[in-house]
Amino acid sequence: MSQRVKIGKLAVLLASLDKEELTPFQDQLEGVKFCTGRAGSMNMQKVIAAVETAAKRQHIISEEVYRETHSLYHAILEALEGVTRGQIAIGDMMRTVGLKFAVVRGEPYARNGEGEWLAVAFYGTIGAPVKGLEHETMGLGINHI
Amino acid sequence: MSQRVKIGKLAVLLASLDKEELTPFQDQLEGVKFCTGRAGSMNMQKVIAAVETAAKRQHIISEEVYRETHSLYHAILEALEGVTRGQIAIGDMMRTVGLKFAVVRGEPYARNGEGEWLAVAFYGTIGAPVKGLEHETMGLGINHI
Amino acid sequence: MSQRVKIGKLAVLLASLDKEELTPFQDQLEGVKFCTGRAGSMNMQKVIAAVETAAKRQHIISEEVYRETHSLYHAILEALEGVTRGQIAIGDMMRTVGLKFAVVRGEPYARNGEGEWLAVAFYGTIGAPVKGLEHETMGLGINHI
Amino acid sequence: MSQRVKIGKLAVLLASLDKEELTPFQDQLEGVKFCTGRAGSMNMQKVIAAVETAAKRQHIISEEVYRETHSLYHAILEALEGVTRGQIAIGDMMRTVGLKFAVVRGEPYARNGEGEWLAVAFYGTIGAPVKGLEHETMGLGINHI
Amino acid sequence: MSQRVKIGKLAVLLASLDKEELTPFQDQLEGVKFCTGRAGSMNMQKVIAAVETAAKRQHIISEEVYRETHSLYHAILEALEGVTRGQIAIGDMMRTVGLKFAVVRGEPYARNGEGEWLAVAFYGTIGAPVKGLEHETMGLGINHI
Amino acid sequence: MSQRVKIGKLAVLLASLDKEELTPFQDQLEGVKFCTGRAGSMNMQKVIAAVETAAKRQHIISEEVYRETHSLYHAILEALEGVTRGQIAIGDMMRTVGLKFAVVRGEPYARNGEGEWLAVAFYGTIGAPVKGLEHETMGLGINHI
């Protein structure tokens, strides 16, 4: 892969590694803007809102411009396809998620004109709404911004 | 997450990190069986076959027992939902993938009777069948075996 | 296309054009029965109910016969696939719609025995539940009745 | 088909036949564990919960072990794909179901090591939330346990 | 269920029972038109064509009228949702099917004006393209004609 | 709708109206860049390629920049969801399309910073691979560029 900065890989690492495990990747993280957060819910709307709110509050995307919200929204949905694998639904299908998420904004391509892209990653658990009846899940979405 | 061994996280790291980056995770990898490989194609069947063949040749699953093939097949499909985000199709939708994959087999739960589980992860690129017109993609599937 | 009356095209025009823009199409509209209406909601059930209620009240379909409701229901769902593009869900995915709809009933084919068909079209906006954070959307469903 | 015991066919018959019609299949039913029940709802969560509760109360699966719940959950979802045909949703799409279900646990394969598998079948009606505006529906899911 | 004739149940029984097992249902079968056949393939197109050809050759539907082909096509697709559970694809996803199918045409409702409906059922196996690595599968589709 | 230029509506009109019918919309078309073309095929890849080739040849998007191809590709896929309603597949599901398409590039929003967006519309027929056994179909996709 000829990409200069792997924003997808960085988002995945930010969502799945703890602080100590992230240490070797600090250099790569200096080339991008990012935020992280947590969302635990049976309600898909709350998961989407948690990511959007974090990305706006921490100035990863602009609140004023619809095209940035549109880009982030589709990156979130694509990441949720990986999390839910088949139907973007949780509570309606009697399952719950406990997720850590990361949003990374950077310039993955060296070519002129490619500009900025967004990566959204989720990592955590999905399962029955009973503690322990769950397994790991992950998702990644990428979009131009 | 109360899991003893995070087979999903390990599969994701095996698929996305290079040898040096994996060094800090060697301890965790000692508790599981795993294999890795590569699949680049516009043909979904070839991607599925590459993972199944690797997992059988390297004795991660048994070739003799259908239930192990069945478990792996569904874990692969779930991981491909993350890679393809919406329709499990590549060439038919005029896109191609260049993926590294990992299959991990281990016992994630401390409880008696939970036994062995499989994790399948893909990491790489998806895009137009033209070099450079592509972005990162990732997927993870988990199943009991 | 060898169709006598293009009920799908007429439904799309009824849903997307204003009164003045529709003037040149009055002749074509004389060969069919139709109704139009509006539905704005985060609740998919309300959108479906708005179309069904309008079509029954304005006698486009019969309230007494299940086969007509069944035909309309599937035409609505197919049109909603175009509106939602991937998952027939709105509020659960934190998005809202503001739609104009049209139901057209006519005989598109010259062949004997082809009888009546239904077209359902939606046109309007889909987006975040914040005014202005939205873009256009459209869908068309066709069924025999 | 070389299967010793057709757990899928038995689940379908248990869900769709009445007591008298089932008489000729009593012999085949002696080789498996099974339970049946009913679920009528516009709420998908309640349908899933009805099957899980019945299967646990009647000891078809163990309540203590997550892998059995995981296996049953995926068999239920696969059966619901047949019931809903396209989107695993009912009330959100303004439709309701009245279903009889069956869960069968047995050893379909003669080969050593194939062990136990689960079949979940639904049979009943799906339609508008108005009595009589409905047609038949069926679904079958199979998983290793 | 208040239906006079359960065309869906009859289609399922025709697809899954052998001749002897069908004996107790002969009375119910006298009230409907039906045909059965077999389709084994990795190619979805061939499965669809096998059902359409059988239904036309055996005069269950008319070859001359598009609305009958349209009705049958959608009933076949709905039945294939149950068979494939998630993506209507077989060979592309490296799986093969061996199916028996049945098409039933009858008047399920006592109400005037409900007229004729079609049921399409599949029963058989789905699995890896290796003998024995497969499990049962079933699907049912219903449409007005 | 508060949009200055309705690029989606214009794309739909360009795809579905003939030259004469388009006359009243000439004013609106002056504010945007657009191209049109035709694609008739059982092969989804060819449909996608026809739109991409036309848009590049007629300089609606730049061939040099991946982000423009990425934006167009996702707008095409969203429009194909409306055309295919459920599974983005044609030949595999034994159906064929005869489509006219339009790509429109413009600035739909008055707000600063919203920049350019793309609309892709299809209109034509979908049906069995037999002349006349087909009905109308339409789809619209919108993306920021």
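As written, the chains take the letters A, B, C, D, E and F, and residue 1 is the first residue of each chain.
In the analysis below, a contact is a pair of C-beta atoms (placed from the backbone, for glycine too) under 8 Å apart; a residue touches a chain by one contact, two chains touch by 3 or more.
The chain lineup, named per UniProt: A, B, C, D, E, F = Hut operon positive regulatory protein.
On a predicted model such as this, the values are computed, not experimentally measured, just so you know.
Participant: I need the common contact partners of chain A and chain D, sorted by label.
Facilitator: Chains touching both chain A and chain D: B, C.
Participant: Once the contact rule is applied, which chains count as partners of both chain B and chain F?
Facilitator: A, E
Participant: Interface check for copies chain C and chain F. Shared numbers divided by all numbers used: above half gives same, below half gives different; which is it?
Facilitator: Comparing the two copies, chain C and chain F contact each other through largely the same residue numbers, since over half are shared.
Participant: Tell me which chain's centre, taken as the mean of its C-alpha atoms, is farthest from chain D.
Facilitator: So the farthest one, by centre of C-alpha atoms, is F.
Participant: Could you find the chain whose CA centre sits the greatest distance from that of chain C?
Facilitator: So the farthest one, by centre of C-alpha atoms, is B.
Participant: Any idea how many Å lie between the Cα centroids of chain A and chain C?
Facilitator: From the centre of chain A to the centre of chain C is 36 Å.
Participant: Centre to centre, by mean C-alpha position, how many angstrom separate chain A and chain B?
Facilitator: That pair's centroid distance is 20 Å.
Participant: So how far apart, in whole Å, are chain C and chain E when each is placed at the average of its C-alpha atoms?
Facilitator: 30
Participant: Find every residue in chain B that makes contact with two or more other chains and list them.
Facilitator: In chain B, residues 66, 70, 86-87, 89, 92, 109, 111, 117, 132, 134-135 touch at least two other chains, as defined above.
Participant: Which of line, ring, star, complete or other matches the graph of chains that touch?
Facilitator: other
Participant: If I apply the definition of touch given earlier, which pairs of chains qualify?
Facilitator: Chain-chain contacts present: A-B, A-C, A-D, A-F, B-D, B-E, B-F, C-D, C-E, C-F, D-E, E-F.
Participant: Can you name the residues of chain E that touch chain B in the complex?
Facilitator: The touching residues are 86-87, 89, 91-95, 127-128, 132-135.
Participant: Provide the residue numbers of chain D that touch chain B in the complex, in ascending order.
Facilitator: Counting only chain D, the residues touching chain B are 62, 64-67, 70-71, 74, 109, 111, 113-115, 117, 144.
Participant: Under the touch definition given earlier, write down the residues of chain F that touch chain B in their complex.
Facilitator: Residues in contact with chain B: 44-45, 48-49, 52, 66, 69-70, 73, 77, 87-89, 92.
Participant: Which of the residues in chain B come into contact with chain A in the complex?
Facilitator: 1-3, 6-9, 12-13, 16, 21, 24-25, 78, 81-82, 85-86, 98, 108-109, 111, 117, 119, 121, 123-125, 131-132, 134-142
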